[in-house]
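In the two complexes below, subunit A is the common chain; its partner is subunit B in one and subunit C in the other.
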Partner chain A sequence: MRRVETGTWFVMPAILLLAAVTIFPIMDVVYLSLHRKLLIFGISEFTGLQNYRFLLQDERFWRALSNTIYFTGLSVVLEVVLGLALALLMNRAFRGKGLVRALVLVPWAIPTVVSAKMWEWIYNGDFGVLNYLLGTKVNWLGDPFWALHAAIIMDVWKTTPFAAILLLAGLQLIPADLYSAARVDGAGPVRLFRYVTLPLLKPVILIVLIFRSLDAFRVFDAVYVLTGGGPANTTETLSVYAYKVLFQTLQIGYGSALAVTVFVCVGLIATGYILLMGRKAGLR
Partner chain B sequence: MTRISLKRCLFALFAGFLMLCGLACSETPADHEKADDAVTIVFKHGKIQGDAEHFRQLLLRFEKENPGIHVTGQALPSSTDEQHQFYVINLDAGSADFDVLSMDVIWVPEFARAGWLRDLSALLPEAERRDIFPGPLKAVTSNGRIYAIPWYIDAGLLYYRKDLLDGVGAKPPATWGELVRLAGEMTKGSEDIYGFIWQGKQYEGLVCNVLEYLWSHGGDVLEDGKVVLNSPGNIAALTLMRDLIAKHRISPPLVTTLVEESSRHIFGNGRAVFMRNWPYAWNIFQRNGSPVKGRIGVAPLPAAPGQPSASTLGGWQIGVNRNSRHPQAAERFVRFITSRESQKTMALTIGYKPTRRSLYRDPDLIRQQPFITGLHDIFMNARPRPVSPYYMMMTQILQPEFSAVISGIKTPAEALASADRQIRHVLGVER
Partner chain C sequence: MRKGMLYLAALVVVSYSVAPLVWQFLTSLKMDYELTRIPPLLPEAPSLAHYIAIFKGRMFLRIIANSAQRGKAALK
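On to the complex of A and B.
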């Protein structure tokens, strides 16, 4: 009993801090989402699940949700695949290895808003360097098909290094004997990768997937700076939509409902991965 | 057992809070003492263009003329969205940290409806009202009361390459058809120059652009508070905008990414014949070293045959925070900063266009900026975006729909019907 009490004392600051900065705000947003609250008109009334009912028939919400899922899916897959390739390259012994590892991290180190501004210039349809290099005249940020892909390319450029470094750390944990043993058994590079590297790297890959999916699903700054959600809402993600409703049209109740939805989606993704990880990796 | 420890813990936390409060509160009395003998008013404004010194001089002049009142000018982030957010959060919380605020023309009805602004009707006598352009006057009036004083004015203009038009003996186009023809002729066979550029990115500027086409085709968004989006005039206007890109090909597809500055860069490098933009660009084009210096002109935007030209009204207005602790001093400052004298000084030093019409006959101003006389008639035709406390919601509906039309994924009729339905919903439900 005594021990438990001491323990409570020790975790109390952490719990109080979490309560103040996380739990209370989340409860507050959930509470707000059950209201019709319009600052301009001084309206604040309890409407139960009305906002969520409206959300189900809000075309713009579904559009934003599908944009977000597409963005998350494509960018995370590309990041993990390219990150793995980079990690495998960096895992080899070569001169200047340290320098390369440091340089690879540069895109990750640049604040998102800055890189988004940079990419805005790169994508510029008039004098952008990307069209110049490709010899094309693509309207990257203004074309309903290309705009979302342009945002994905930027996100992949920015976060592949993060995936690569985590995966590299995982690679280095794999004992060299396993490779030697497999080679003695006559395995070529493909089979080595398939039967040694991949299974042992799985827990790390799952962790990268969790981190990246959660981050990508909440994407805001990259898209907001690059396109503001346009053209025709083809790049509007859930966070961008929630921001506009909360802070531009000031529909606090409905905006909170959108924010709660993002929160729930992120929670579902995280739970999904944890279940997956528990099953596949035997909860090691 | 654990219950006691929780109580103790809460007590410790409470004590901590008290200590923090003590620290925070100990600083305030000093401010109050200072405020007793000399009043300090805080003026929040956006980024002031050009040399900040000119603006500082103006504030100093006020302090000299009004002993006992200090003015602190505080600049907000340059993005208007962020300024709007700042005001909403602080005004809704009843903040008295600032007394005087500058507002974009579309915010005044909203802030007035929320009860955040002082009624300033007394500051603008009937005789003075006649001297102010009708557009801004309409924008600051709600239910017959005036909630802000127009500070400077903006309106959409047609910039054109005078040298190129003179070369073929043409005058600036009065109708959209003429603009299409001229731009087509002048860019034929040339890859280096665009015909006509404007702001087509999905943002507030797109709505400003589109409204000019709607109005100059006899259309509109609201009429007497009713939604009138579904009209033949509006359909013709949006069809023309899409055709500029897809059919006439005088506007490049990249207009769907352009904002004010990016279009100014293209035109300023001599790479477009026509451009729609606000007056601010003129001064930049006339600087030494500018490739288009002395080679450009401005004109009213074209219209459909038989329709008047229309410009979207922009510009900023000055209001007083309802919670200001020094309303009298704040009102004095508003009178000063929006006065004929101050507006003239700002026009001469910073290039902000006055909202008072009589200044457009001022010899000093005309000598320095000859084209200002032409602007007078354009500003007379400047129309405010729908004056409504719901405007911010309406524009969020209009932006993606208009964007869908110009990028070719919706027909004008589809987009207008959809926007019409959504705005009706907002006006009906959110009232």
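On to the complex of A and C.
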């Protein structure tokens, strides 16, 4: 009992530091979101939930929210499926496996801003290599339908290696005996995957889903550099919208309300996954 | 036969991962007037002019030093 108390004191400095660098800024944003602020006129008045009321009527917000959900859903599903395929491949024994593993990580190693610029040039409607290779004449980043999908493709290209590495680690934890036993029982490759690999990989898959959903929901740099939210706000995600409102039009109060909304959404996603994991995978 | 499939899959995966970077590298060797030209895919007269320009720029050393500082801090 006393030892626990002593321990608490030892942890206090860390807790205080965390409070200063994470909890305080979060509270400050919440506080700002309850105000109407005009920096150049020095106006700062308390308006209660006015910003949030406006948010509910703001079509651009709903647009950004649906873009974000679409981006998150599609990119995360693709990343997990492709990542699993990559992991299964890299788990096989063949010559040059080490080289393949290293090269597959290349997209993950490039900074997001650099790969966004790179893809912007690849997607270029007039001189882009993508149109040349496909023999098409599509303005990938200027077309309201394609622009968001172009951003998703770039994100999938960039982040699949991350999913693949985590899943590969999970695959290597599965004891080989289980496969031998299942084979003795007459299981083919499909059944081995369905009844041995998938169930045992489930906790890792859930972890990948959590990491990627939270990251994808807050996506900023990839979209901001690739399209800047255009054309006609069709690729604008919540973070990009919040950034524009906060730092370009300097509506500190409303921008903070948007930021708080992103925070709450991410919190809800995380809570949902944790509940799901706690129940289904027996993880806690 | 099965080994062949495995290598084919590995080849597809690796080219998918590396192709955009290779394209960026090829582009870096092109002269400015070639950037708005496609085909050809390969640079007509590969040139290191852009790389030389990087090192001639006054800011480059500063930028590298800043990145190194950042890396040092991250390692601590």
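For the reader, a short list of remarks on this structure follows.
Simple rule for what comes next: the second predicted complex is superposed on the first by the 279 of 284 C-alpha atoms of A that agree within 3 Å, B and C clash if a C-alpha of one lies under 4 Å from a C-alpha of the other, contacts with A are read in each partner's own complex, and residues count from 1 in each chain.
Convention: a residue touches a chain if its C-beta (ideal position, glycine included) is under 8 Å from a C-beta of that chain, and two chains touch if they have at least 3 such contacts.
Bear in mind the structure is a predicted one, so any value in this text is a computation, not a measurement.
In the superposed model, A:96 makes contact with subunit C only, not with subunit B. By the touch criterion stated above, A:230 is placed in contact with subunit B alone, subunit C being left untouched. In the superposed model, A:251 lies in contact with subunit B only, and not with subunit C. Contacts of A:126 after superposition: both subunit B and subunit C are touched. Of the two partner chains placed around the shared chain by superposition, subunit C is the only one that A:107 touches, whereas subunit B remains out of contact. One of subunit B and subunit C touches more residues of subunit A, and that partner is B. Contact with subunit B, but none with subunit C, is seen for A:41 once the two complexes are overlaid on the shared chain.
When the shared chain is aligned, subunit C comes close enough to touch A:115, but subunit B does not. Of the two partner chains placed by the overlay, neither subunit B nor subunit C lies in contact with A:212.
Judged by the document's definition of touching, subunit A residues 126 lie at the interface with subunit B and also at the interface with subunit C.
Touching subunit B in their complex are the following residues of subunit A: 1, 4-5, 8-9, 12, 16, 38-42, 60, 124-126, 139, 141-144, 227-234, 236, 244-245, 247-251. Within the complex formed with subunit C, the residues of subunit A that make contact are 86, 89, 92, 94, 96, 100, 103-107, 110, 115, 118-119, 121-122, 126-129, 132, 157, 161. Those residues of subunit B that touch subunit A in the shared complex are 1-2, 5-6, 9, 13, 81, 84-85, 88, 92, 110, 113-115, 200-203, 252-257, 262, 266, 271, 389, 392-393, 396, 399-401, 403-404, 406-410, 430-431. The touching residues of subunit C, when paired with subunit A in their complex, are 3, 6-7, 9-10, 13-14, 16-18, 20-21, 23-24, 27, 35-39, 41.
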